[in-house]
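A quick write-up on the structure given underneath.
Labels for the chains are A, B and C, by order of writing; each one numbers its residues from 1.
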Amino acid sequence: MAEAILEIEGLTKRFGGVLASDGISLALPRGELHALIGPNGAGKTTLIGQLTGEIAPDEGRIRFDARDVTALPVYRRSQLGLARSFQIASLFPEFTALDNVALAVQAHAGHSFRFWRDARREPRLREPAHDALMRAGLAARADVAVTELSHGERRQLEIAMALATRPRMLLLDEPMAGMGPEESTRLLEMLRQLKGGITILLVEHDMDAVFALADRISVLVYGRIIASGAPAAIRADAAVREAYLGEPDEVRQETWNG
Amino acid sequence: MSEWRRACRESWRDSGSPRVVVNAALLIVLALVPVYAAVAGDPFATILFSRILIMAIAALSLNLIMGFGGMVSFGHAAYLGIGGYVVGILAKEGIGSGFVQWPVAVAASAAYALAVGALCLRTRGVYFIMITLAFAQMAYYVASGLDRYGGDDGLTIYHRSQFDALDLNNATVFYYLCFGLLLASICLVWRIVNSRFGLVIQGARSNEPRMRAIGFPTFRYKLVCFTIAGALCGLAGALLANQTNFISPALMHWTRSGDLIVMAVLGGMHAMFGPLIGAMAFLLLEQGLSHVTDYPDLILGPVLLFVAIYVNGGIDGLLGGARRG
Amino acid sequence: MLYLTEQLLNGIQLGMLLFLLAAGLTLIFGIMDLVNLAHGSLYMLGAYFAATFAAWTDSFVFGAILAVAATLVVGMVLEMIAIRRLYGRSHLDHVLGTFGLLLFFNELVRLIWGPAGMTLSLPSEMFAAVQILPGLYYPAYRLVIIAVTLAVALLLYVLVMRTRLGMLIRAGASNREMVGALGVNIKLLYTLVFGLGAALAGFAGLMQAPILTVQIGMGENILIPAFVVVVIGGIGSIRGAFVAALLVGVIDTIGRAFLPDLLHHYLSENAAETLAPALSSMSIYLLMAAVLVVRPEGLFPAAGR
């Protein structure tokens, strides 16, 4: 097995009486696309929050690239190559799409204690930003303010920004949510091309995408990983079926059996 | 240099004609004030407009952190006071050279801003507003306790700062010095706002968690911005002390910080010329109303309320056109 | 020891006055999310109304009752004409607008009552010293302030905890959108809350008038300590405002009483002279800074904030 780029050991988080993360342990080898699935409220977003540094775990360790990052602040982890896209698009509303991505580029292009030169005219920032927008299919919307972008376009911008930081690992929190079929296909294709090069932890409800992309899948229920392994094994796992079949969601059952 | 020309041309084009015309007209009018004063035999005009220019610099410094950085500081008048008191104290102790007084004024203000910012910037929202106000009040109380330098009554400054070539006692010379410094300040703030540093500050105002998520250590940038704003306001304080030949703790009272906020908001917080327009509008209104009535605030108060309720984007918002950062 | 007790009582008295102001501020900020710089103006109006009505009716009590009623009316009218148009706007718009109101009211008072200020007198028995402890005499009126404001605090507690209106207020403080969604007449609720805050402020103003001052701009000096109390106590929490107000009142008073001597003891004459007034005045800000470091949301933040 390739050397693990992300190692999570016994991650535990309590909110008052609720155990959101219950001793989660996981190891992701380089280049793997690992899907994290589970019913709503299972603690997926809490886990992502602890990986990025927004939430401090009560117990446990997180190692990124053999380095203990458990106590590192959010921006530091980003600088080390851990990028994240938000479930609800978190952008800079008054700025244009290009400005948004250029900021992501700027964060990883040296320090920003430069006070005189117009940053919107720095090729070192604008060119990679243009490229990222092109890859996300948003090149035509570069100079449009975020407030004018459609919901789907904002989701694409989300991901373009995460990619613009040239990460070694990507944490994607339900990137497909609210996307139309064409945009979903494009995103699927993009992720297919990325995997192998970038390690990806994908939290998703869209089972088609999950089974199409994932190298391995982990199932999170009530803060615990109840199963983890290859897609076929997960599909056949009895405990997993019960966790999902317990849900009154016919569509999900269909997808499961399909 | 060609980048300059391109930038100016773009500003001209992007800003929308009304704004550019108004700003240019404003500069021309301001440049001609001493001429008018000489011709019309009204020296008070030069004095009044000197004050406007100085407060415009102070409001501009506040707008850097408030309008662009989203840091609403209710303690900005403290830097006017610190800058002024440095000039006053040094003058009283026999150090009259502006070449010493002014850099020390700026440095002292920067130091206080750095200290205050390091503590306050850990809070947000209304807590930030309150704690900046608290530190300004502390400066106010310290100044009130300086018996040697006038305490509550204030300190008279008998000799304006001395610069070899410039005689600041000449009202016209002083005016053009203020004018020049205001232009330089506007230019400086304009460059800062659009630089890499400025984009980080604006991004932090727009969505700070996202800024951290993409890798920016936002705290240190905000702190540096806060310090720059304090330093610039300290310069305004040094100018103010010269202009009135007097400095007192009253200058640092929280209601004076309120005045600065009013000027910045009134003029329009996202425009370079906003603070200047706001300072002019506020001070001229104050002045004009006191000629018309014995109770000027009866009108000024409701005017501020009206602007707060109905005018989005301050006076600059009325000029329309593209909003250029 | 007696001196300490006396200062403690003074501190409690100051704290109670601060509570009246802070309670209104914290409700207005907690429920309507409004930064109200004009709150000190209502405090000032209460004092001026009381001075005027007491002179007309020749009775402090009648004057006080009329003054509270008048301030309540002014508060509600102000809310309906101006304040409600600021809801939902940025805090900066609030600052700009209420700052304008502050200027307006100072000038209005100067127009109606003149620049000189007024006095509000009490029957002289009120200032007779009451012996509360062997050897300790305390002015009767100051005891009255403590007693009456405690009674008002109790009434406020009953209102907020035991009435339907109070339930709506508490709900609004922790989740204002929900309360609107429940079909409550939000506009009326907001007007009542603002009026209540105004009445409390006016009451504080008139209570302190006989021993302190009735003059233009009196609101500005107490407004900031009131905001400090709100921040320390936690925005939206009346209980927090009560605890914080007592804390601030006592610390400020004790600080001013004992700090100068303490400084003289340990520092040179000059240093003590310079630092004493500054540090005494700063004590409440240092307290606020200390609280915010440990608990950035204040001592008792209203749920959901």
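Here are some notes:
Here, contacts are C-beta pairs under 8 Å (C-beta built on N, C-alpha and C of every residue); 3 or more make two chains touch, one makes a residue touch a chain.
Note that the structure is predicted; figures quoted are calculated from it, not measured.
Among the remaining chains, A is positioned farthest from chain C, on the basis of C-alpha centroids. Averaging Cα coordinates per chain and for the whole protein, the chain whose average falls nearest the overall one is B. With centres taken as mean Cα positions, chain C sits 32 Å from chain B. Centroids of chain A and chain B (each the mean of its C-alpha atoms) stand 44 Å apart. Between the CA-based centres of chain A and chain C the separation comes to 50 Å, rounded to the whole angstrom.
Taken residue by residue, chain B touches two or more other chains at no position, since every residue touches fewer. Across the assembly, chain A contributes no residue that touches 2 or more other chains. Those residues of chain C lying in contact with chain B across their complex are 29, 35, 37, 82, 85-86, 89, 91-97, 99-108, 110-111, 220, 224, 227-228, 231, 235, 273-278, 281-282, 285, 288-289, 292-293, 296. Residue ranges of chain B in contact with chain A, taken from their complex: 3, 7, 191-192, 194-200, 202-203, 206-207, 209-218, 221, 224.
Put simply, chain A touches chain B in their complex at residues 52, 54, 73-76, 78-79, 83-84, 86, 90-95, 99, 103-104, 106-108, 112-122, 125, 161-162, 165.
The touching residues of chain B, when paired with chain C in their complex, are 66, 72, 74, 119, 122-123, 125-127, 129-131, 133-135, 137-138, 141-142, 144-147, 253-255, 258, 261-262, 265-266, 269, 295-298, 300-305, 307-309.
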